[in-house]
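Two complexes, one shared chain (chain A), two partners (chain B, chain C).
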Partner chain A sequence: MLYLELFIQGIIQGSIYALIALGLTLVYGLLRILHVAHAALFTLGGYLGVLVTNATGSLALAMLVAMVVCGVVGMGLYKFAYEPILGSPPFVPLIASIGLFIASEELFRMIFGPYGLSYAVPPLSGQVALFGTFSLRQAEVLVIVLSFAMIAILGWLSLKTRTGIAWRATVADPEIASSFGIDIQKVRYLNFFIGSALAASAGVLVAVLNNLVEPTMGSVPSYKALAIIVLGGLGSVPGTLAASVALGVIESFGTIYAGNFMDRDAIAFAFLILVLMARPQGLLGKA
Partner chain B sequence: MLTVENLTCGYGDIKAVHDLSFAVGTGEIFAMLGANGAGKTSTIMCLAGHVAAMSGSVSLNGTTITNQPAQARVGHGMALVPEGRRVFAELSVEENLVVGGHTVGGPELTANLERIFGHFPRLAERKTQAAGSLSGGEQQMLAIGRALMANPQLVLIDELSLGLMPKAIDACYEVLQALKADGLSILLVEQNTTRVLDIADQVIVLESGVKSWEGTGADADGNAALLEAYLGTAG
Partner chain C sequence: MAYEITLLTTMAISVLFALSLNFISGFCGQISLGHAAFYGAGAYTSAMLAKAGAPFLLTLLPAGLVAGAIGLIVGFASLRVRHDFLAITTMGVGFLFIGLVRQQDVLGGELGISAIPSTGLGKIGFMAFAMGLAALFAGFCVYVKRSWMGFVYDSIADNEDVSEIIGIPVSRYKLIAFAIGTAVAGVAGGLYAHHVRFIAPDSFGFVESVTVLAMVIVGGIGSIWGVAFAAAFLSVLPLWFQPIDDFKILLYGALLFAMMRFSPGGLAGLVARLRGVS
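Here is the complex of A and B:
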């Protein structure tokens, strides 16, 4: 029973990782930029989730607002921060991205204060009995259901619709894709919108799980999401999903069985190092 | 159909093609020959909008497209079969064709798919397979099929037979004849001179980015000095 509980806790954490890391993978796949500032949208999503829920009482509305606003802010980041330096060597956008992320943490501190915010009435705090003595919090059930649903929808869009096919073609070869009338610029905006909206949804969910948002809540996800996309194989969407869940589960078991001498993040990076020693290209990356 | 006047193009400050003029007529196969580095691929990629034109003009069916972005050109009836085929390796054969018909409406897309699968039964057999798993000849068929999905009037083909088995080359040339019979114009860059001269209506030869010879396919075929010079430079 303990194993099952740990496994399910791992899946919950892995779902959150997946929602954050997907956007990073999408941006890397299309533009070869390590978009560290992506985690700022996760934090912004968390804040919007709490603020809108407290103002209106509706978590669903808060989720929608957070996803749309962060999606638009993500497109703005591309337009004003990345597009002007696309032709530069890869370290230039990377440094710009790190700078943006640090600036965003300070901006959150200045606007929302250093101590963080909580829900006036914590939503979904009841328990859901599953079987036997095993139960989950409503918020945890929401994380699993919502992330599976969103990832399934994204998968369907990219595999079954013409827009999705055009998007995958653009990732594979932008020059040739444009020769068939695909507007590369639109694909990039769409990419940033979807990735940023997913990160925002993760921010809202984490805020519900912890009943807390704070200016630095994005700092651990920012480097852990980088570790996840390396672990999955840079640019590989299925790899990112597999790595997210694997890392969630490993951390969940690790904190119980190795927690005495390694903390959660050390376990995650030890796992990353071990996998990369065996498969330098990542779990599902191409050699 | 396609008129190129005094075109100079290249990368950054480096000019790959100087002051090039030629015209491709409707239903013609127009061949561009030359050694490696002569500027053939630069010319094709400039016509497709991927290499910047520095001066001169390109017009297609009377519309000037010199500075139009690549994605707008397909709407004027131009489609590209690039060097090295560049099929989308991880997409299925059918998905590659759907990308080719990106600008075409839904019902027409279905009709075009059926038409292409009718032309190339091999592609129909493998439509759910990843394009990267096809043989070189099949990939070239797919690259041609993908271009035809856009209902083009002019197809730019860069290195049709490079790296293909003789049988696959035969099949590609049969397809070219069929396209010409359908009234399409074809601008063809090739290294395989003998095959080209059999079917080309017009020929130009590029040397170091400059046009060094032009004439009909028949003229070129009978011109031993030209062939020797050209084949000589081609090594």
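Here is the complex of A and C:
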């Protein structure tokens, strides 16, 4: 029973990781940029979720607003921060992105205060009985269902629609894709929009789970998401999904069995380093 | 007067620390996002030994050795993974370090180590000693840069594969860079522990790693004078202007971003550009 519970907690954490890390993988696959500032959009999403829900009382509306606003902000980030330095060596955008991220954390602290915000009426706080004595919180069920649904929709979009095909073609080879008449610029904007909207949705979901948003809520996911996309093999979407769930589950078991030796983050990064030493290209990356 | 001495000591330690990262990232081209872990390893080693009764000067050597040994292990990792993968791996090393230290009661856990004994050199003596070490290492960097080894590092930083083809033992030189850079970071950590006389895991986290990277990048990656200047300037900026202390992190973040966005070569690159124009 304990195992099952730990496993499900791991899946819940893993789904959140997946939503955040997907956007990072999309950006990396297309532009070879480690987009650390991605987690700032996760935090922004969380704040918008709480603010809009408290103002209107509708969590669904809050989710929509958070996703659209963060999507647009994400496109702005690409336009003003990354596009001018695309040709530089890889450490340039990486450092620029870290700079943006730590500055944004401070901005959140200045604008919204250091103590964080909560929902006036915590949504979905009831329990759902599953079988026997085993039950989950409504919010936890929402996290699992919604993240699976969004990932499934994204998968369908990229496999079956013209836009999805254009996107995959651009990732595979930008030059050939553009000679077939695909507007690369449009694909990049779309990429940032979708990735950032997914991160925002994760922010809203975490805000519901913890009933708290705070300025630093993005820091741990930000570094973890980097670990995840490296673990999965940079740029590989299936690898990222596998790594997210694997990391979620390993952390959840690890904190019980190795918790008095190293903390949760250390467990995650120990796993990352072990995997990379054995498979330098990541779990599902191409050599 | 005591205040100026503290400022100068802080500056000297930061310069030493930033130059040690510059040796790895600037000379050898290996970006490290976990350099504070080695600073921390040195600080903890030195502090533990001093608490056990060892005289200050004798704690610095083991501090450098411990940090260098860990650095050598991480150096082996740099032979396995490259570029972005290496940056994330070193970041992982940083998180692993504080994650482990936090849970060890021997090392004081979350609370760290306090009441580290005095150095016995006096404030001015300690400042002179720290400045001397920083100057010594800066001199060593200039020497390396001009020697045959410096050309090898230029070549590796430029293109590892080509360097290998023209007969440079790339792996060996990378390991040497990691060993030297991390050992010096350990010594800087030992100085830091005896300067503030209180250390905790949080002093060596990701923010500290980014801060030192900021010094290297803002100064101009690879440029010894640029990095030394940026480290001296950035380390005392928050002390000079107390009101800025609140915005310190915002300032660091904005500076990092602006530097990369508008002058990826840092201050050294900026100066070179201005000279070229005039």
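For this structure, a couple of remarks:
Operating definition for what follows: the second predicted complex is superposed on the first by the 287 of 287 C-alpha atoms of A that agree within 3 Å, B and C clash if a C-alpha of one lies under 4 Å from a C-alpha of the other, contacts with A are read in each partner's own complex, and residues count from 1 in each chain.
Just so it is clear, contacts are C-beta pairs under 8 Å (C-beta built on N, C-alpha and C of every residue); 3 or more make two chains touch, one makes a residue touch a chain.
This structure is a prediction, so every number in the text was calculated from the model and none was measured.
In this overlay on chain A, chain B fits alongside chain C without clashing.
When the two complexes are superposed, the chain touching more residues of chain A, out of chain B and chain C, is C. Within the superposed three-chain model, A:144 lies out of touch with both chain B and chain C [touch as defined at top]. Looking at the shared chain after the overlay, A:157 reaches neither chain B nor chain C. Look at A:227: by the touch rule set out above, it reaches chain C but stays clear of chain B. When both complexes are overlaid on chain A, the residue A:284 reaches neither chain B nor chain C. Of the two partner chains placed around the shared chain by superposition, chain C is the only one that A:270 touches, whereas chain B remains out of contact.
Applying the stated contact rule after C-alpha superposition, one finds that A:212 touches neither chain B nor chain C. By the touch criterion defined above, A:128 reaches neither chain B nor chain C.
Angle at chain A between chain B and chain C, computed from CA centres in the superposed arrangement: 90 degrees, to the nearest 10. After overlaying the two complexes on the shared chain, residue contacts for A:68 are found with neither chain B nor chain C.
Smallest inter-chain Cα distance, chain B versus chain C, after superposition on the shared chain: 19 Å. Once both structures are placed on chain A, no chain A residue is touched by chain B and, in the other complex, by chain C.
Within the complex formed with chain B, the residues of chain A that make contact are 162, 165-166, 168-169, 172-173, 175-184. Residues 32, 34, 81, 84-85, 88-96, 98-107, 110, 219, 223, 226-227, 230, 234, 260-270, 272-273, 276-277, 280, 282 of chain A are the ones touching chain C in the complex. Across the complex, chain B meets chain A through its residues 48-50, 69-75, 79-80, 82, 86, 88-91, 95-96, 98-103, 146, 149-150.
Listed in rising order, the residues of chain C touching chain A in the complex are 31, 77, 80-81, 83-85, 87-89, 91-93, 95-96, 98-100, 102-103, 206-207, 210, 213-214, 217, 221, 247, 249-250, 252-261, 264.
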